[in-house]
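Pasting the structures in now, so scroll down.
Next come two complexes, and both contain subunit A; in the first it sits with subunit B, in the second with subunit C.
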Partner chain A sequence: MVWLVLLCVPWLTSNEYWLDTGIAIATFAVLSTGLNLIYGYGGLLSFAQVAFFGLGGYGAALLVTRLGCSFWLALPAAAVIATLAGLLIGYSSLRLSRHAFAIVSLSFALLCGIVARDWVSLTRGSMGIPGLSLPGFDAPAQMYRLTVTAALILLAGFHVLLSSRLGRALQAIKLNEPLAQSQGIDPLRYKLLAIGASAAASGVMGALFVFHLSIVDPSVFDFYYTETMLIMVILGGAGSFWGVIGASVVFSIVPDLLRFSPDLRLMLYGLVLVAAMMLFPGGFAGLLRQRSLVRWRTRR
Partner chain B sequence: MSLLTVTGLTKSYAGVQAVRDLSYDVPAGSISGLIGPNGSGKSTSIDCISGFLRPDEGRWSLAGLDLTGMSAHAMALAGLTRTFQTVRAYGELSLMENLCVAAQEHDGIGWWQSLRRNAMCRAADAAARTRAEELLGQINLAAYRDAPAQVLSYGQSKLLAIAAAMMARPHLVILDEPVAGVNPTMIRQIEAIIRALNRQGVSFLIVEHNMDFIMSLCGQVIVLDAGQKIADGPAAEIRRDPRVIEAYLGVAEA
Partner chain C sequence: MDAIYLLQLLLNGLVIGVIYALIAMGLSLIFGLLGIVNFAHGEFYMLGAMLSFFAVTDLHFGYWTTILAVTLVACAVGLLFYHLFLASLRPADFERSILLTLGISMVLQNGGIFLWTVTPRMVPTPWSYTAVTLGDLQLPLLRLFTLGIATAAFLALYVLLSHTLVGKAMRGLSQSRDAAAMVGIDHRRVARLAVIIGIGLSGLAGATLAPVYSVQPTMGAAFVFKAFAIVIIGGLGNIMGAAIAAVMLGVLESLIGGFFPLTLADSAGFIAMILVLLFKPEGLFGRGVRV
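For the complex of A and B:
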């Protein structure tokens, strides 16, 4: 249903601005839900989401331009590359601690940016790889439909995962890891599952996003994406599926709405964030959870 | 017949031997007690046996299966579960979810089946819910089935922890101070629940400071002092054992 409605949007408006915003929302919804899976449900702070996104983008771009791969082959390959990277940093750091994972993921994201900038013979450095095009999807409306379809499939996949026992086990690990272990839950397996699934989805969105822009350059690893994802997850309510989706929509649009005043834009954005953090420290979803708690406590 | 067999368990922290060459058996079907003064190595020994600490030496097995060196989750899968001294529950999850999550690794449903939520997975979920209802009834918390666990009182949380440890249908449950800080009425309730579960075939190893609780509940009692076993036998004998009295009460000045 939602899918059909969203696919009709290009007929309602031929304004490319709205289609671009739609693509941004779809992309950020998947990216921040991926972070929500790892951080909100699994309790692992990951700075590497942007690396999975960028690796997917660069992976697909290089496969298509250097090896002449079809995009439809490069898309799953982007997912595989991102997943392998995720499992690598996850497996190497999680045996130590959650903190080790946060640090390794941050270092990895920074490293990816540096490699993209400095390995000029492969990536053309800061000039990027231009001229990415996807035959049959050249028009903005078609790219929009493709991105939205992919995003909805991935979000549906996340929803199935999170509402299954696997999501429940992840939550248990986050809430009390020793207790989960004493019940037979293997934390490492579940954390790697979360990282792998999240990296795969981010990689796919990365591949789609660079073909939408028709260029990939090192800015795809920019800290801006990490920051935006964190804002969406924290303000939407870490651990709440719909809260984070809602925040992805809002915070994909808000920065643009504030464009009326370029000088004050960043300040206004900051004010919105500070106000939200003060009013709902647990995110919007946290606010609802608090209410249900009060209901149970007063019933006694 | 012995269910848990521990031999030669030794664990040191920076030169201090917390547990020294400890060996004991927990008979199948029994409720056994592990007592000793503070710092005598009770917690260290059960943390080792349940896979949360790695001992320097020693082997232990459950019903003939060697558990030495296994990780905590593998032990749970082998049939040994535990509760913790500090109350542990998933505060944000409902009581029902707290119990169901404790059962999910034990019914042989794989990841792919969980994602597809096929008939086998649904049947296993339904079985877990039935078992959880039954246990919630036993611990008198059926009314709080859908409440988040963080609304429970301290004593109620301890009951929930015992119930959660039962969800895996374990052979042996180690209870770490199940009645410390719990009011007398609730203590009798916990005692009754342990007896009822024991009649269903579950063996218990209980670490506790409350002597009345241990003496009325346990058939066999193991006494530790300074990391070593100083006595091991039926509760009635242990109560009169001069070494036990000495360890707990000290020796009169000559």
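For the complex of A and C:
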């Protein structure tokens, strides 16, 4: 239903600005839901989502331009590359602690940006790889339909995953890891599953996004994406599926309308993050949960 | 390849290594005592460097006065940082502490870019181009000063941790919070001191390195990412481990950078961190505040 409605949008407006915004919403909805899966449900702070996104973008771009792969082969390959990266940082750091995971994921994201910039012979450095095009999807409306379709499939996949055993196991691990372990849940396995799924989806969106822009450069690893995803997940309510999607829609549109300078916007996001952490110790999701608990108590 | 080139690389590696050590030791100290990974740590290094730029160019402070003044200001900032943000955090507030310090880092870094732009600035000193000649070897004076200052700071921290009562309290607190409370250690005061020292060291590192390299608002982010790797390689919370790992990484990076592409030198810390995590997750030297 939603899919059909969204696919009709290009007939209503041929305005490229709105189609671009639509693509941004679709991309951020998948990215922030991926972060929500790891952080909101799994309790792990991952700063590597932008790395999965960028690796997917660079992976697909390099496969298509250097090896002459077809895009439809490069798309799943992008997912595989991102997943492998996710499993590498997850497996190595999670055996130590959650702190180590946060540190390693942030380092990985920064490293990806540096390598993309400095490994000029492969990535052409900050000049990027231009001229990415997808035959048959050259018009903005077609790219919009493709991205929205992919995003909806991935979001549906996330929803199925979260309402399945994986979602419940993740929440159990987040609430009480030793207890979950005593019930036969292997925390590391489920955490890695969540990271893998989230990385794969981010990689796919990365591949689609760079082909939409028709160029990939080191800015796909920009901290801006990480920060935006964090704001979406935290203000939307970590662990709330629809809350985060709602926040993705809002925060893809509003900052663009306000037209802040990028530095100022990032600074403002930082302030929001600090304020949120100072005022609501449990995050917004905790606040909502607390309020619903209070409501539930008073109703009885 | 000749021996002089190798020695030069070694010296450069040592200088950058001891600066890594100043930053990583503070990061490790704060983690060991508060259970907080300070994601804003690199920004205090950046602020220290920026402040020393303005102290030298606007206030016409001398080299040593600048370093002393910036370090004192950094200690004061550490005190403020502790009371405003860190004091209310508990070790169990895992996500809160990370997101809070990350938010502060974003505000400081992007505020810095907004105010000062990303144009690199040079901090002038009387000895910017002075070098001590030792045979065929050129030893830039500022790098030697850096080496000396960092070694002195390292020794001071070592003496503090191993030979004073408050150092003993720090080591005790990092081993067991409850046991430390039982013998009458006020964990707040010790934690506050740790943050003051940690941020102070970061400011010192910034002020010391500012005349050697250029100064700009994004320098902290690039540096702290090395410091993270160092802290994990040395063992989370292990201060001396961090110092040793820092010098090792500095030298390693410099040697790799001398013979191989830049990308490999940048990745060295990360690769070493992943290898340590895979084969010795406790870090090379084990966890806990140790000396």
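Here is the rule we go by: the second predicted complex is superposed on the first by the 265 of 300 C-alpha atoms of A that agree within 3 Å, B and C clash if a C-alpha of one lies under 4 Å from a C-alpha of the other, contacts with A are read in each partner's own complex, and residues count from 1 in each chain.
Heads up, the rule we're going with is that contacts are C-beta pairs under 8 Å (C-beta built on N, C-alpha and C of every residue); 3 or more make two chains touch, one makes a residue touch a chain.
No experiment lies behind these values; they were computed from the predicted model shown.
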| item | value |
| --- | --- |
| Subunit B versus subunit C, judged by how many residues of subunit A each one touches | C |
| First (subunit B), second (subunit C), both or neither touched by A:263 | second |
| Touched partner set for A:160, first subunit B, second subunit C, both or neither | first |
| Which superposed partner A:271 touches (first subunit B, second subunit C, both, neither) | second |
| Touching partner for A:181 - first (subunit B), second (subunit C), both, neither | first |
| Contacts of A:96 with subunit B and subunit C, given as first, second, both or neither | second |
| Partner chain(s) touched by A:106 [first = subunit B, second = subunit C, both, neither] | second |
| Partner chain(s) touched by A:21 [first = subunit B, second = subunit C, both, neither] | neither |
| Partner chain(s) touched by A:193 [first = subunit B, second = subunit C, both, neither] | first |
| Contacting residues of subunit A [partner subunit C, same complex] | 39, 43, 45, 88-89, 91-93, 95-100, 102-104, 106-108, 110-111, 114-115, 118-119, 223, 227, 230, 234, 261, 263-264, 266-267, 269-274, 276-278, 281, 283 |
| Residue numbers on subunit C that touch subunit A, as the complex places them | 31, 37, 39, 85, 88, 93-96, 98-100, 102-107, 110-111, 113-114, 221-222, 225, 228-229, 231-232, 236, 261-263, 266-267, 269-270, 273-274, 277-278, 281-282 |
| In the complex with subunit A, residue positions of subunit B that touch it | 50-52, 71-74, 76-77, 81-84, 88-93, 97, 100-102, 104-106, 109, 111, 114-115, 117, 121, 125, 144, 147-148, 150-151, 164-165, 167-168 |
| Of all residues in subunit A, those that touch subunit B in their complex | 160-161, 164-166, 168-169, 171-172, 175-176, 178-187, 193, 239, 289, 292-293, 296-297, 300 |
